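Dropping a structure here in structure tokens format, bear with me for questions.
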Amino acid sequence: MIKIKGLRKRFGLLTVLDDIDLEIPAGRATGIVGPNGSGKTTAIKTMLGLVKPNAGDIIIDGESIKNRWDYRRKIGYMPQIARYPENMTVRELFNFIKEVRNAEKTNQEELIRYFGIESELDKRMRTLSGGNRQKVGAVLAMMFDPEILIFDEPTAGLDPHASVQFKKRVHREKEAGKTILLTTHIMSEIEELADYLIFIVEGNIRYHGPMQELIEKQKEQRLEGAVAKMMEEEAA
Amino acid sequence: MKALSILKYQWKDLFRGKWIIGYGLIYLLMADAMIRFGGTGSKALLSIANIMLLLIPLVGMIYGALYLYQSREFTELLLAQPLDRKTLFWGLFGGLAAPLALAFTLGVGLPMTYFGLFVSTSIRSIILILVLGNLLTVLFTGLGFWLGLRFFEDRIKGLGFALVGWLFLAVIYDGLVLLAIFLLGDYPIEEPMLAMAMLNPIDLARITVLLEFDIQALMGYTGAVFNRFFGSMMGISVAAGCLMIWLGVPLWRSMRLFNKKDF
Amino acid sequence: MRANKKILGLITLFVMLWQTGLARQVTVSPNGPIDSIKQGIIETNPGDTLLIKEGTYREYDIRVDKPMTIIGEGKVVIDGERQGFVIVITADNVTLKNVTVKHASTSFMEDYAGILIKETDNTVIENTTLVDNFFGIYLAQSSNALIKNNHITASGERETKSGNGIHLWYSKDVTIQDNYVKGHRDGLYFEFVEGASISGNLSEENIRYGIHFMYSDNCRYEENTFRNNGGGVAVMYTENVKILNNRFEDNWGASAYGMLLKEINRSRIEGNLFINNSVGLYIESTNNNEFTSNTFKQNGWGIELMANSTDNLFTNNNFLDNAFEVSTNSRQSFNEFNHNYWSQYEGYDLDRDGTGDVPHHPVRLFSILVEKQPQSLLLLRSLLIDILDAAEKIMPVLTPETLVDSEPQMTKIP
């Protein structure tokens, strides 16, 4: 379980996360939604220790992540804009990360086959298409079979087929009892994948709870409508 | 262990970029030419020292900053991995400073070896140049790193400061010293001058070279302050101490910045 | 018996005749009938040989006042025990060989010497060893002396407590050859000497100068080495000297010169090596000399040429790896530099005739700056200084335009 307590982050004058308290349940999939610049990515990066908060704490499995790094062993992360060392080949990249994580056993082979990037293995990262980079990112996130999976806009650069493949895979991981956290703009994706929903606007949590509840509360058929309604309320 | 695997990949990457090979080749060609046309005496060593004093600070500072910008992806990728930031920092720094130092050492050392300079000139001079070159590489790469981290989001600013910083330390600073000498030359300014020289790492290294190669000229100076300073262990220890401070402080500051940085 | 007596008398007569004809030999030895050198000299007739056997003789003020040859056999030490002069030669045709002379007095009033040679002709001092004397060998108003192969050392630490190794005053036609002098005030000192020849000597680690000479015309210095002396070598107020193939090396310090020339005229300085000195050659008020085929190597300053020196010609010299090749104190220079090799020359030789196509300006801007403000020496080899020097080369503003070598050589002159 991931517990966020009183988390606050400012970039200069801009408050990106304003005193956030959250609980992300274990073994479930949680979707984070919100307008652009609402603090979704910052929240994720804070969990990963990429961004250092001004106040507050994050507790993963009962332990604070402050000045710790070992907890990241439990996390697989697929960033929004995947940037990799341009001169490395895909194979080198995988091997390198394996070495850094000191991991012997991985399901790398299976994932490579699953996403169909066998033919890309000896290509340099810089020659890869955006979609293939995303696939590489997905493999990297999942190859160590971590308990927590964090996806930041995972399907943005994927073609429909790959997108479907990816979602299928996430389902499987969920079924396997992984804690999943994802952000996306595509509400149908959330509907498909998530049980829980977090709605962030300007660094504040507007809604946090089971997705179904929100839909019912807003008297809408679909999540998209419910969220849009909520945003309108916000604006008013 | 992890720092080592980072180093390994960094080096592979760096050598694939060929840039570093070019850098080493510059030294190789220059040292070769200096020795081939300047003879195997101390003159060649002195010319090599001059190039070293010019090139290492420039390349170290600019490439130190540039390298951080270039390896941003690499850094971000690794930050999400179970890895200490400290380890990552030293991996990154070592990944650049060590190949630069190696390129210098090989570039300069190979011609020295095949022309037999180890036999024909003083071993002490050669060691001095090699040690000083490596020290300067680490020092100025550290300074470049610091600038790169300080202006991580603004590359133009970072590189601009690196270039201006180099120009300041290599040329403008000495211009100010010269101006001070001519304005205040009638006062006893030797001690403040020495202090000023100690504040600039390029001057520090330059004076160390002078002590080895131009002691005849230095001893021709009429002031007792220089003679006492240069002639004593005190002078050498103060100079070495200052170099160490110049080496340590930027790296320490960089590491703190890196530790607190948001990516 | 009578006959025997007669024969004996005859032999005695013969021996006496032979001795007066071919010179007699008197022997001094610590355990013999004559056990002091002074006594020995009294026993000796002019032209005789005084043989001194191995041993230590504690005597001073030994006056050699008649022509004779004094030879030591084995290790002969004459110790003056700081009582005055040790040996004083006042007669012509005296030869002194193979002895060690020690401990002449130190004094502020009198120039006590291990061996004083005064108003003599044809003196020979050879293979002697002088240890810790105030002055070593002191020649005054003497001529045709030969000072050869002597080893003269002192452990002087201050100028006032130490005299000169070989000191010549008002002397003529003296030959000083293959001597070693160390630790005196001046290794060699000449004042009012005419026509001396000084060759093959090594003078090092003396407190002031390796050699110091003044008012000594028509002398010749050849193949000597002057090394690591407090002030190097100083040559003053003299005409027509030949300084050939000497080495001046390792003289470091604020006023240390390989060689300092002051008011030297119509002389030749040729084939010398100036290496590792703060200043190789310092030239002041010195006119009409020729400096040829010298090598200036690894000096702080190769040549410091003061503007009051004129009409000197510098040709066929090598300037190798000096921090400053030539420096001067004025924009005017009336001396000629031609056909030298300069290791700092950066020109080219397109017609491949061995002579650079553009002239060489050996005076750097920086040397002018250092001349004006010596503290700026600390900026030596700074990039700033290189830039200033380059700018000055393109557009000379401060450096003397006439101090130029218009035929700089592309390769070292052999």
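To keep things simple, chains are lettered A, B and C as they appear, and every chain counts its residues starting from 1.
Heads up, the rule we're going with is that contacts are C-beta pairs under 8 Å (C-beta built on N, C-alpha and C of every residue); 3 or more make two chains touch, one makes a residue touch a chain.
Because the structure is predicted, anything quoted here is derived from the model rather than measured.
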Expressed in steps between touching chains, what is the minimal separation of chain A and chain B? 1
If every chain is reduced to the average of its C-alpha atoms, which one ends up farthest from chain A? C
From the C-alpha centre of chain A to that of chain B, how far is it in Å? 43
Which whole number of Å gives the spacing of the CA centres of chain B and chain C? 47
On a C-alpha centroid basis, what's the spacing between chain A and chain C, in Å? 90
What are the residue numbers in chain B that touch two or more other chains? none
Quick one: which bits of chain C touch chain B in the complex? Just the residue numbers, please. 252-256, 276-279, 298-301, 320-321, 323-324, 343, 369, 372-385, 387
Hey, which residues of chain B end up touching chain A in the complex? 1-2, 5-6, 9, 12-13, 16-17, 71-74, 76-85, 260-263
Residue numbers on chain A that touch chain B, as the complex places them: 11, 45, 48-52, 69-73, 75, 77, 79, 83-88, 92, 96-97, 99-102
Can you name the residues of chain B that touch chain C in the complex? 41-43, 46, 50, 53-54, 170-172, 174-175, 177-178, 181-182, 185, 189-190, 193-194, 197, 203, 206-207, 209-210, 214-223, 226-227
